[in-house]
């Protein structure tokens, strides 16, 4: 049912051109695809990064393997030797990705407001709706069924997939990629209780997405309350992530799926946040902080390092129930141990 | 404000036709709707499954009750006796569901690419956008404002609700149902750090949704990195679920809302995963594993059974804070108990 | 790149008109914007609510500060004295919010079904799709690319942002605001296992959204199984929240991002639920219950108060791993302490 792709084939020389690698073997070898080390066929290329897979190297059916110099010693086929095989793989795999066929220009079914500046090399997909004063830069691709609010701007080489909503005055910079279903610039959760009733606090800030950011699908990134919400350069967000108002995420931080970041949190550069973690409001994570998955972060972390919370490790439910009950009496247990210690101290004194 | 439905009424004989049940009472009785056991009116049908509700049976105002043979003894009205009352209810309730009025054919506002094969009995809703080489089977319904990428296919009797995004080369098989806001086939979270900067790893795999799968709203199902992401036959997913790249979910597994499944996890057949749970990357769950809600699964589970993690049970916050602090000194407490034990051992030796 | 806003300026007298505040200083002062206390410029207004920011008051560059009578004593500029500065700020900030430019009427690209009643003052955005028998009240705004199902209704002054999906027969009342990507009325997660296979249980109920509700982006609110799912008056929901079928949320309850509420839970009035919490199915929270972030609520809470679960407090990972292991032997530790106690009791008896 899948349409036949145009015949894709490259020599190893073509694939490795410009990369800091050494081909040990025949660089005129032609490959037609990529596969895992255990499944690769004689015209496919594969890679070895995870040591757990080294045992499959001797048996691989691949034409060539991207790997380190050390691993290449036991490689039975052509080696593409790299100091960083996963990065080399990423670069080579790009040759085999399905090309995007975005047509340049504004689709006839798109609705475009007044005073927009849309670069002639940009692609605006079918049924997109752009407000007034929207700016779209060179080589931008906006997928089908997207909505961009008044005064928003999208800078050059940015790709926005189908079904994304961008609110008014959101700034999206260069080479950003946003996946479907993501919402950028909705009102932050600002509410003030007065006389028993919640009143909306207007959200006057914007969202700024810096260069080279990647955002997964179905994320919610709120606009700032007064100042802006800022996603720093090179940040990578997975899917279903909540970014509250006024949050600032530092450069090159990567955040896995289903993370909830409450309002006004400040996250440093080069952090890694595991899936399902929650970051409390108005706190700071220093640069180079790693948070393990599903941790609840309730206070500021000032030093780089790996941090966790929660009661880790899955156990059979009957055992877990017993220990969980005990947990709720832990303070009493500590008191009991204290009593024991003082009684024993008295005893041993004698 | 709701439009008057067409008059819906059925006899018990009509409703139970083909079902493995016994009507104890008048099967010519006419019912016009379904309600809960406490709220049912004299022309409505109800069911009894949860033992907690048995106390309401004697007083029910319903015309008839779907229940087990044992429960039927105390049923004051007509009994529909079933070995599986909830299943029987599911089948009978279908008669009272609001019928979908999808018009056959491609809506004039839809945008359809080149070389698509759309069956003449399919319905493509208003403002849908289909790429090139899309295949749509018999009796498929695609709701309004959906986007389907190049080379995607949707097989017979599948329903896709409004506002769903399906990326290129995604395969959706027969009798699948997908709710609004769900995104299928977005890029997996593949990133490689090189020289301090994250580089995108192209995501070359597809997503395959097998027959009879049901997917709730606002889910994110990523395409595979090299191999495919596969949702097995009969799998049921609730809302806001993240399925990472390369994940494989076995047949007839059911997953509740807000579960996060990290990349390359393999989940067995007939599993049950509670709401808010997190499944780590590159691990396996055996068949017939049950995970309780909000558990963090960080290693492979090889045997069937019920598993949990976390510190369960909600308690008043002041008590919780005291015990939580103690938890972070639990290892020291164990050391203190060890010391006590050795001192006592010495003492009692004497 | 942002379009120049129309010149916005107000005197303090204009901004405080009708509010229960006292201007201490020149109420003819003109302000042109709002900023934080540390960043405000001489023509901007700011506010002081959080005691942590009081230290910046003496140095503020603002024209005027909204604050309490007590704080006004040390205010170097014009004071706007309020018993509730945050509420006063909310009201004043509304003057500086970007006005919505929704055009009255039905956009030419919208697709509207049969027998709809759309008030002449309502705005239906581009590429919206309305089913049959849809009712839209006065001054309602439906953003671009929304879908509203058959028999749904939206009452006066309600705003629905772009890209929202509302299923059939959903009732949305007055002055409601719904952000993008939210799905209301999708089928609840009702499945019945029979002969090893899950069968769908038809979801026959509706969703009712009462007056003055606010719902964030990418939320999923399921329709009821038999009765309705009800979001009570004045409820405020943040982003990415799951509300299962039959759930009832009481008046003026506020729920932070990424909360998962399982089916048939009943939540009281005036509750506060922290981000990332999970509320189990078929349980009740009393009025005035506060749940701290990321708690797992597994049983009914009958009394007002603050409740928590989980093992709080983030710690360095190496420490956490040690304590987490101990947690899984907590029951054994309790037994060891018991033994110690009885041995000691024997010893001290002598």
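For reference, chains read A, B and C in written order, and residue numbers begin at 1 within each chain.
Just so we're on the same page, a residue touches a chain if its C-beta (ideal position, glycine included) is under 8 Å from a C-beta of that chain, and two chains touch if they have at least 3 such contacts.
In this text, all values refer to a predicted model and were calculated from it rather than measured experimentally.
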Same or different contact residues where chain C meets its copy chain B, judged by the half mark: different
Angle of rotation relating chain A to chain C [CA atoms, steps of 5 degrees]: 120
Chain centre separation in whole Å, for chain C relative to chain B (CA means): 25
Interface hub residues of chain A, defined as touching at least two other chains: 109, 127, 145, 163, 181, 218, 240, 258, 310-313, 315, 320, 327, 329-330, 333, 337, 340, 344, 347
Chain C partner contacts - residues on chain A that touch it in the complex: 109, 111, 115, 127, 129, 131-133, 135, 145, 147, 149-151, 153, 163, 165, 167-169, 171, 181-183, 186-187, 189-194, 196-204, 206, 218-220, 222, 226-227, 240, 242, 244, 258, 260, 262, 278, 280, 290-292, 295-299, 301, 305-313, 315, 319-320, 322-323, 326-327, 329-330, 333, 336-337, 340, 343-344, 347
Of chain C, residues touching chain A in the complex: 1-3, 34-36, 39, 84, 86-87, 89-91, 93-94, 96-98, 101, 107, 109, 125-127, 143-145, 161-163, 177, 179-181, 212, 214, 216-218, 234, 236, 238-240, 252, 254, 256-258, 270, 275-276, 293-294, 310-318, 320-321, 324-325, 327-331, 333-334, 337, 340-341, 344, 347-348
